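Read through the structures below before going on.
Each of the next two complexes has chain A plus one other chain: chain B in the first, chain C in the second.
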Partner chain A sequence: MKKNKTMIICFTLPATIVFLVMFLYPVIRTAMMSFFTMASVSDSMSTWEFVGLANYAELLKTSIFMTAMKNMLMIWLIGGIGVIFFALLFAVILTNGVRAKSFWRAIIYLPNIISAVAFANMWIYYIFQKRFGMIHNIFATLGLDKLARTDYMNGDMKFWSLLIAFSFGSVGYFMLIFLSGIERLPQDYYEAATIDGANKLQQFFHITLPLLKGVFKTILTFWTVSVVGFFVWSQMWSPVNSESQTITPVVYMYNIVFGNTGMSERMPGKGAAVGILMALVVLLIFFLVNRLFREDDLEF
Partner chain B sequence: MAKEKEPRKPFNLKKELKLAPGYIILILWVIFTIVLLGWVFGASFSTTAEIFQGKALKFESGLHFENYAKAWNGSGVAGFFGNSLLYSVVSCTVLILVCAPAAYVLSRFEFIANKFIQTGFVSAMGVPAIMVVLPLFSLISGLGILNNIPVAKTTLIILYVGINVPYTTIFLLTFFSNISKTYEEAAAIDGCPPMRTFWKIMFPMAQSGIVTVTIFNFINIWNEYFLSLIFASSDKLKPVAPGLYGMINSMKYTGDWAGMFAAVIIVFLPTFILYIFLSEKIIGGVTGGIKG
Partner chain C sequence: MGLKKKLLSAALCAAMVGTMAIPAATVSAADDTLVYWSMWESTEPQGQAIQEAVDAYVAETGVKVDLQFKGRTGNREALQPALDGGTQIDIFDEDIDRVNGMYGKYLLDLEDLAKEANYEETAIPAMMSACREAGDGTLKTIPYQPNVFAFFYNKDLFEQAGIESEPTTWAEFLDVCQKLKDAGITPMTMDDAYATSVIGYHLGRLVGEEKVVEIVTEGKWDDPAVLQMAQDIENLATSGYYSEMVGSNVWPAGQNTELALGTAAMYLNGSWLPNEVKDMAGPDFKWGCFAYPALENGANGVETNNFGAQVFGINKDTKLAKEAFDLITYITKGEYDKKLSEMSVGIPADTTNAEWPEMVACAKPLIDNSTTRFTWAVGVETNVDMTPIIKENFIKLMAGTMTADEFVEAMKSAA
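On to the complex of A and B.
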């Protein structure tokens, strides 16, 4: 099939234009913006003032931004360990011959299709509610008065309740990725191992895990992208003013660019620098992961 | 996605007992999810006073359907719902019209820009939204069109389309490359021009992939929050997610908890109903675009 130039152009042009306008141009302009200061996002480029790396340097000295970075790192690390553990556990259970596999799978994935605002609302106003919430009731029934009286939406507990609720909803998605990875593994390895007398646990550690390298790569990258964009949940947990327990870099950026209560000065240049830093975080993790889990050219 | 229909396994007590720990974990997790959703659903038919007394699910004063009427009319959920429906349906349609042809050409023809476009689209999927939102905001606010409601709605639709173009294209690309080339070759021999071949033969053949990606786009756009928050500043423009967020915050002053739960259920219902009927297709599609 040759000489279809018209067709190639007609068919790819709309999508390519959208890509250039919605991704390439904004990414380049955000990168440039991060080296300038300006009064408002919509100021024209001619009024920008070049400041070099000052935006980045100031960010690193801003304590609330560093808190936001620390929160993001904690969500990434602790939440990541929890999410990957449960996702892998469910994937393994479901591939070991339990009945009603599609039923379990469907319910575990369900939170992913619910609007984050609606789902976060359910956690805040039911699970963690201090007067009639589920956790309160469970502890009260068990007679653990101290735990029953704890307010999980206040103080230091706030970060942990946020982390648990967000991670709970993420498990289903990563479980599906693990599931499809495990289902693609060749069955004869397991048959051979069973004949040689390896039990299920040994098979998991010596066959499944090593063969899932590529899947881990995907999972870590996707998890990073989702944690870097952490925004709705944080806003739901502290809707009026961003609080230090729940603030994340995107929330910080939103505050300093689009203004929120308690922020008088708007600093779009710094906001752009936050955006660039987040993109660098994703890139860094991506390269680290690719180094760590280098493909050994396994073909099956 | 291949339909996996396993033959019914004979009941084997020893084998089932071995799986017992697995069943216990699954059951606990699933019960938690069902109680969470079930309680909120129940509370949406209760009254605020009963919820606060911890008797939300006793329904001593009967079922209060008026919570839904109040949320729908009084709190403006109807408007948000209408907006979301408009945004999702139009954006999903436009997305297919823009992405299916592009995906097809990218999967079939070799040309210089091909590799470049594909790499660009794949990287765009990993670009955090905050990287693109500032210049887009300045671009759009510079045009000064956000006060004109119909124009602003069109702008939002363009944004929803734009943000989902890379994902949709890459998803359909994988789908088209799995369709055999013999169909086009046969059509070419019969003298059918390539563009017609696409619309008449390939597009219908890709139907199942198009349906799957459309469900995903629908759910994504229905639940979209970040862009909507920034670009849909007035209540007349807001889709359900930022609309609900605003309602929850104002609920703090009015104290209508039952109404709030009703609003949550209304927002949750469309994607949930889709999921009930299409969960297998959705689940199959999640990993369809990913290569391990």
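On to the complex of A and C.
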């Protein structure tokens, strides 16, 4: 078919304009804002005051921001290991001829179709609750009084209860990605390996894992993006105003850009700097992941 | 490609681009339409009452009103950018300090309009002066849904413990707590979301709000008042006056599962509380309330309280100032103020609506006797970088998992 350049331009123009207005403009404006101070996020540029890298320097000196960064890193690392381990485990089990595969797959994926708000409430009120939560009841029934009295929502354990609840809900999503990755691997390799006498474990480590490199790359990128944007769960664990156990960089950004219940000063410039730093974190991880999982020339 | 097809494709492209321009074209309403961005949701009792008032106003006056329910978060995130972007918004509302503080530069001075309408004749003086105070000495906002932050309690439980009068001093308060405890009742509970109000009130009673702001913004945590406050709270914790759930209550667990269900007697909160928990508390729940007790050698007493209101503001660029003020008057006076108060179990703004809903009637003497105003959480949330740390450590102090000295140390090292 003959290409008609005018028509191509006509049809791509609306999407291009939307992209430029909705994405590129805010990105550029945010990047610029991070070098200025202003009273409100929508103040006109003429009122901005240039401060150079001061917003970034101040952020690195702000202890609550560093706490938020530490929380995010711990969610990424510890939660990441747990989520990826279980997602892979379930995916491997489900692709090894387990009965009622669709049922199990649906059950494990289920938390992803429930709103995070409802799901967080379920964890807070029905599982972690100190008086009538599920964990309390199980330990009480077993006669383990000390464990039954443990307060999973107190100031020292809030981070861990949050991490467990969030990670639990994430497993199904990543399991599906692993599942699709494993299912497209050619069965010939496994047949040949079986004939050669390799057991399931050897097949997993020598065939499945190496061939899933590309999937790991996708999963690490998706996990990073979801952890960097960690917001709703933190708000659910600490409603109205944040706590150091549950604060993450984007929650901190929201607080300083829009203010909270008190009459605290709003700092949109500093908030923009948080946004830029988070974008850099994603880029850095993406770059590292690409280096770590170089595409092989494998074709299957 | 045939000419017909080309023309059709071009028309489709034009249609696509055209639809993109529609939102921009509808930003401004017609000149004769009042645009009101409401802080409520259309499903809330306040939203429903306001909708009724607006409908009646439109029917009576013929003025067109475009009422948009944005919700708290919607207004908080989008109002200012919309105002900066020149969107037509004639009336908006939110908390008294937020509207006067953050949106102050967009507000029309309402002194003349209020005088002309003789508005203040039937308005609560304390609320009007609070608005003037928040508006740097001039009236820029009109209060409605007044509220006061105080101890709300279960009268039946007080009666059961043989308590005859509400405490006004700290010693009396401790006595009330002990009596409740002796009667086998948990004296009080709290939720995490309001923990900062407890520390704010206690510090504020000791040294006043100005000093509280100084402590949190300048890191003056070595002030003796901080230790004094922490010791008082530690004393409440070690005496067993707080619920064992206080360390892990995530709002609204404490107010819903403890206070409303009658397992705890007192809860420090705003006068919106009875409305929030009415379905759980049931119709027989008898509400009482008293001001945060005065402390020995404190800077202020029970006459100083965190009271305020939601307020209406009018955009200074509006072309319909008179109509906007009339609509506000319509909502905040007479029949519709009464309706709003009844539907939301709130305090009426119009003094001729002398009968308050029974559930909040206990707050009347409190508001009548309040002469000086604290702002939200008595200023303890002024430093956004410290609020999460204050909240977390103070909850530990209330839960008894941290001592007063440890609290002060934690604050000093975080500042």
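Keep in mind that, in the parts below, the second predicted complex is superposed on the first by the 292 of 300 C-alpha atoms of A that agree within 3 Å, B and C clash if a C-alpha of one lies under 4 Å from a C-alpha of the other, contacts with A are read in each partner's own complex, and residues count from 1 in each chain.
Keep in mind that, in the parts below, contacts are C-beta pairs under 8 Å (C-beta built on N, C-alpha and C of every residue); 3 or more make two chains touch, one makes a residue touch a chain.
Everything numeric here is computed off the predicted structure, so don't read it as measured data.
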Side-by-side fit of chain B and chain C on chain A, or clash: clash
First (chain B), second (chain C), both or neither touched by A:N137: first
Contacts of A:C10 with chain B and chain C, given as first, second, both or neither: both
Comparing the two partners chain B and chain C, which touches a greater set of residues in chain A: B
Chain B versus chain C as contact partner of A:G155, first or second or both or neither: second
Which of chain B and chain C A:P210 touches, first, second, both or neither: neither
Partner chain(s) touched by A:A279 [first = chain B, second = chain C, both, neither]: first
Which of chain B and chain C A:P186 touches, first, second, both or neither: neither
Which superposed partner A:S242 touches (first chain B, second chain C, both, neither): second
Overlap of the chain B and chain C footprints on chain A, listed as residue numbers: 4, 7, 10-11, 14, 18, 41-44, 125, 131, 236, 239-240, 258
Chain A-touching residues of chain B, taken from the complex the two chains share: 9, 15, 19, 22-23, 25-26, 29-30, 33-37, 39-40, 43, 51-54, 56, 98-99, 101-102, 104-106, 108-109, 111, 113, 117, 120-121, 124, 126-138, 141-142, 159, 161-163, 165-166, 169, 184, 188, 194-195, 198, 219, 222-223, 225-226, 230, 240-242, 244-245, 248-249, 257, 260-261, 264, 267-268, 271-272, 274-275, 279-280, 282-283, 286-287, 290, 292
Contact footprint of chain B on chain A as seen in their complex: 1, 4, 7-8, 10-12, 14-16, 18-19, 21-27, 29-30, 33, 41-44, 89-90, 93, 96-99, 102, 104-111, 113-119, 121-123, 125-127, 131-132, 134, 137, 173, 176-177, 179-181, 184, 214-215, 218, 221, 225, 228-229, 231-232, 235-236, 239-240, 250, 253-254, 257-258, 268, 271-272, 274-276, 278-279, 282, 286
Touching residues on chain C, where the partner in the complex is chain A: 1, 6, 9-10, 13, 16-17, 20, 76-77, 80-81, 83-85, 97-98, 101-102, 192-194, 196, 244-245, 247-251, 253, 375-377, 379-389, 391-393, 395-396, 399, 401, 414
Residues on chain A engaged by chain C in the complex (per definition of touch): 4, 7, 10-11, 13-14, 17-18, 40-44, 62-65, 67, 124-125, 128-131, 151-156, 236-245, 247, 255-256, 258-267
